[in-house]
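Once you scroll down, you'll see the structures, which are given as structure tokens.
Two complexes come next, and they have one chain in common, subunit A, joined by subunit B in the first and subunit C in the second.
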Partner chain A sequence: MNMNDAIAVLAALFLAPLIGGLVAGLDRKVTARLQGRYGPPILQPFYDVLKLFGKEKMIVNYWQIVCAYMYLVANILTVVLLALQSDLLLIFFVLAVGGVFLVIGALAAESPYSQIGAQRELIQMLTYEPLLILVFVGIYLETGSFKISEIIATYHEPLLISLPLLFVVMGYALVIKLKKSPFDIATSHHAHQEIVKGVLTEYSGPYLGIIEISHWFETVFLLGLCALFWHTSFLWMAVLVVATYFGEVLVDNVCARLTWRWMLPHAWTGGLIMSFANYFWIFEKIK
Partner chain B sequence: MKRLINTSRVKSPWLIHFDCGSCNGCDIEVLACLTPVYDIERFGILNVGNPKHADILVVTGTVNHRNKKALKNVYDQMPEPKVVVAVGACGTTGGIFREAYNVVGGVDKIIPVDAYVSGCAAKPEAIIDGVVIALGKLAEKGKKVDQGIFERLENTQNFIKSR
Partner chain C sequence: MVDALIGISVLLPFIGAILCFLTKNPRGRAAIIVTTGVLLTLSSLLLFQNLHGPYLYTPGSLLGLNVNSLITFADFALLFIILGIAFKLGNPLVILLTLLQIVPLAYFELKMAPHVEVTPAFYIDNLALIMNLIISIVGSLICIFGIRYMEEHEHHLHLKKSRQPRFFFFLVLFLGAMNGLVFSNNLLWLYFFWEVTTFCSFMLIGHDKTEIAIRNATRALWMNMTGGVAFVAAIIFIFYNTQSMEYLSLQALINHGPGLTTALLLPFALLCFAGFTKAAQVPFQSWLCGAMVAPTPVSALLHSSTMVKAGVYLVVRMAPGYQGTFLSTMVATFCAFTFLTASALAVNMSNGKKILAYSTIANLGLIIACAGINTPAAIIAAVLLIIFHAISKGLLFLCVGTIEHAIGSRDIEDMRGLYNTMPAVSRITIVGILTMMLPPFGALMSKWMAIESAAHIPWVVVMVALGSGLTVLFWARWAGLFVSGPHLKVFEAEENQGFFAPIVTIFKGFSAKSKWKDPASIKVPLVTLAVAAIVLSLGVPWLYTSLVDPVLASYKPGLFVKPFETGPMGLTSGVGAFYVLPIFLVSIIGYLAAVIAAKQKDHRVFSAPYMCGEQYPDISQPKFRSHLNSWKDYVAANIYMQEFIGEDKISYWINSIALIILIVLFGEVLR
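Now for the complex of A and B:
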């Protein structure tokens, strides 16, 4: 491992949670402003997590502890692999493992809310994972590699220009993964929800704090994926990431929550049609 | 670190609202605190639906024989440190229903209450004041939770030794 890799890993480990927490704080502030409220301080997510670490440990099943930690480890690993410019497919599988452990932890408790939340989380994973794979395949078709370092080294124009529809498809996946309306079916950031807190119902105290930190890592990872779509210029990368996240917050506030019966067919048909349209475009260009 | 966690406790209280047989007058006022006019999320207060995530239990209405178990159950599910705010004339004392055959009385008959908010219905400003008083107590309780088990048991140990 050379020096640059070490720096990248350290940045992923220590900078990512800071950025993720700040993004979460900004998210809450912007959401409040969109709703005509003043909103909490930007550092509020850090206060929340510190408070959660100070709470009493309450668990229903010991597997919840294992699952909370595995979810954290998997999410840290995705960010580290992204920082090391590793293989997109490998990152994708690690992401899936993390998601599965969150669900297993929720299923380990007997609460009906947690169980329903877990089932819904599985359906959400079923929805976004094919879409993410389609996006990665599109990146491969365009650049000839799944490896991020090779993409950056060999491909010298923004991916967004040749893969605009796939970026929209990734937007779908992003809404689901960031737990935003209309797809915040399993659990939601907003307090009120019909199944209490869904998949997070039975995680409490420090373990909820761990999951919150994992979610910060997840946010950084997803924004990193967005950044990949404009890897040539740092300024435009930042603009793209900020615009995408603001778009997500806007969608979150404009939309009502929908059922999975709506989510699955619409995300799949929309995602598949747009992906294949983009693939045809790539093939036309190659010819 | 302990001091940081305790500051965070005061800055991020998540409250759960339990309607214990209220006429909904106080409930409307509790929910009014969330609206843009009062916006309690400014202070990091979130209205959560899950007792396992909550720090403050806000109870409105009288306690009767049917729902006292539910109230106790919700209270027991909350992890320490936790505080309870009784809201409205009914929540604090039983109100005009005090003498009714099915009514146990105020919330403090069943669980320990840390702050009382009077009024029928209680004003949103008064509820926020009550929550702020409860936050002071939350910080004190937090210090006790942060103490190790031996520090907490010190008094008992001394007592046993002196006997």
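Now for the complex of A and C:
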């Protein structure tokens, strides 16, 4: 492992949660302003997590501990692998590990709330996983590699220009993964539309804290994927990431939660049509 | 030495089977099964050690009889036995299909090409060696598991006279037939072993002689007989189109000259069709699902190491032969469609064995789709998936069988919280499930290779992507159900083992107190397969260089490009990289951290699940305060999406679409 890799790993380990927490704080602030409230301080997510770590350790079942840790580890690993510029599909599979353990943890408690949350989380995974694979395949078709390092080394124009529709497809996945309305079906941060806390119902105290931190990593990972669509210029990369995230917050605030019966068919149909259209575009260009 | 080992691999199961049939003493039979299994395992390992590169062998005579004529004779004898059974069943379709094999075959052997001698009769390359290892090791473990299982099974059925001799006759015979099948180079021999496996599966599925067992066995018979008819047709067309006996050798057929591709395309398509029926691809999936009525060792054997793998083996083996043709793309399309639809149907199931069945069909679809994609990386994905699927699926079937005997149900909803009562078996089942679905395990690695190599055929990769999303869904919730449940006091009794606590916990989980009481014949197969699933996944670089790469080298001698580089980390290629060891190490670290956290004796509180404050005082019982202060049970169940993808709703459409794809395939080939 050379020096650059070591720096990348360290940044992924220590910088990512800071960025993720800050993004969460900004998110809450912007959301509050959109709703006509003043909102909490930007650092509020950090205070929340610190407070959670001071709470009593309350669990229903030992497996929750294992699952919380595995969720964290998997999410850290996705960010590390992203920082090391490795294989997109491999990162995707590691991301799935996190999702699976979150679900197992929710299923471990017998509570009907977390059970329903787990089932919904599974359907959300079912919705976004194929879409993400299609996006990565599109990136491969355009650049000739699944490895981020290769893409950055050999492809010298912004991916967004040749893959605009796939960027929209990834938008679906982002809404689900960032737990934003209308697809915050498994668990939502909008109290008015949540039955208890869905998939997170039975987590509390430090273990909920771990899950929060994992979610920060997840956020950084997803923003990293966005950044990949404009890897040629730092400025435009930043613009794209900020605009995308703001778009997500906006969508979150103007939409109400939908059911999975609506989400699954619509996201798949829309995603498939757009992916095929974009593939067609790429194939035409290659010809 | 090698010749003797080949003889053992093929003939020993036949001898063992006859001995099993004749031995009425259960202990004696058990000894014969174990001995056969051990010898088979040893011979497959020795074969693997001693063979480097393809090995050609033609057995001259057996007990003074010419082997070739012996097999021809046995072939007709078998077909006439099946014909007799068909008349007994009174099933006109089976009669017709049998006659459609007997008459053309007789015409071919007597009139068209009398006294066919194909040399070498056996051609053992690395793919055959891998199959031999899987059949001999996984198959033997399943047979050994069957000893105790069948004892309990017959105990449940209250049989007056044991029917186990017959059962083990066919079970052990199956292994010999499969070994013969994968070694055969002479297509007529291959066809004979092919029909033996069809026949054995028919006898084993109908073993319990209930009405449904006989109905499903008959269905399995006729569906596989259509494959048999296609096989005979393929043999005849090969001879007719080339006017040469040379191409009745599988190896010659695969490495045919460039001028013959058009002439041989129809035989290839017919052989692929035979493979599809045997591998239960849609629209033939119903025979494999129906086979679930058989005792569990049969399901395990059919699904993991034998029968369905015969179909897969043939299509993968022939892959270089039809590379670059229209047929290849259609095979990929057809089987990717199977992968998608079978995964959807698996989501729909709550019966554990049916989930496994549909997942098998899906995985076989993926393997054959890889053969259809037909790039070096895809072939490697196919071979690796054959290996890892055999191990994990065999393991999962045995687990479900063990659980079924303990709780009397194979419904996954009834397996809720099973970790509290059967920790050891549950843990092994969870290992089996995780090795099927998560990185860094081998099954997922093959899926990674499959997607990366399918990327240039958009519709195939879309079907694979959707299907793999569905797979995650049904595996994850099944694993979760096992650990569902309240905190139990048993765990409290366990003391901290100090420094070794994490290590002990890896092996014993959180419930060291409850012992695993099953006998060794159940424990040994379960533990061996679980360990193999993990260790082989970690040893993928080794597996790749020593087993899988040579398969590829023998495919395209001279044109061989190594698609992946191996290293201590995992596999890398020009377009991707899969790190096995780092992911595994990081996961282990995460798990250990969790165990250490769980073992800490600080102020931890066990609470009841949240029930809005109306939880029953005893937290181990799922009850809440309902109207009039009465205590009501609460229940949760999985979402099976019946309204979208109910089996009865979509099967018709799936079968229709699959038939259309098949018609397009043959239409284009015949054009």
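The definition used in the following text is that the second predicted complex is superposed on the first by the 284 of 287 C-alpha atoms of A that agree within 3 Å, B and C clash if a C-alpha of one lies under 4 Å from a C-alpha of the other, contacts with A are read in each partner's own complex, and residues count from 1 in each chain.
As a working rule, contacts are C-beta pairs under 8 Å (C-beta built on N, C-alpha and C of every residue); 3 or more make two chains touch, one makes a residue touch a chain.
As the structure is a computational prediction, the values presented were derived from the model and not from experiment.
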Message: Is A:S145 touching anything from subunit B or subunit C once the two structures are fitted on A? First, second, both or neither.
response: second
Message: With both complexes overlaid on chain A, does A:T187 touch subunit B (first), subunit C (second), both or neither?
response: neither
Message: Taking the superposition on A as described, I'd like to know which of subunit B and subunit C A:A109 touches: first, second, both or neither.
response: second
- prompt: Is A:G54 touching the first partner subunit B, the second partner subunit C, both, or neither of them?
  reply: first
Task: Of the two partners subunit B and subunit C, indicate the one touching more residues belonging to subunit A.
output: C
- prompt: Now for A:E202: first (subunit B), second (subunit C), both, or neither, which partner does it touch?
  reply: both
Task: Could you give the residue numbers on subunit A that contact subunit B in one complex and subunit C in the other?
output: 56-58, 196, 201-202
- prompt: Along subunit A, where are the residues that touch subunit B in the complex?
  reply: 28, 32, 35-41, 44, 46-48, 50-51, 53-58, 191-193, 196-197, 200-202, 204-205, 208
Message: For a test of understanding, state which residues of subunit B touch subunit A in their complex under the given definition.
response: 4-9, 11-12, 14, 36, 39, 41-44, 46-50, 52-53, 55, 79-81, 142, 145-146
Query: Which part of subunit A faces subunit C closely enough to touch in the complex?
result: 56-63, 65-66, 68-70, 72-74, 77, 86-87, 89-90, 93-94, 96-97, 99-100, 103-104, 106-116, 118-119, 122-123, 125-127, 129-130, 133-134, 137, 140-141, 144-147, 150, 196, 201-202, 264-265, 268, 272, 275-276, 279
Message: Touching residues of subunit C toward subunit A in the complex: what are they?
response: 417, 419, 437-439, 444, 448, 451-452, 455-456, 458, 461-462, 465-466, 468-470, 472-473, 476-477, 479-481, 483-487, 491, 510, 574-579, 583, 586-587, 589-591, 593-595, 597-598, 602-612, 622, 634-636, 638-639, 644
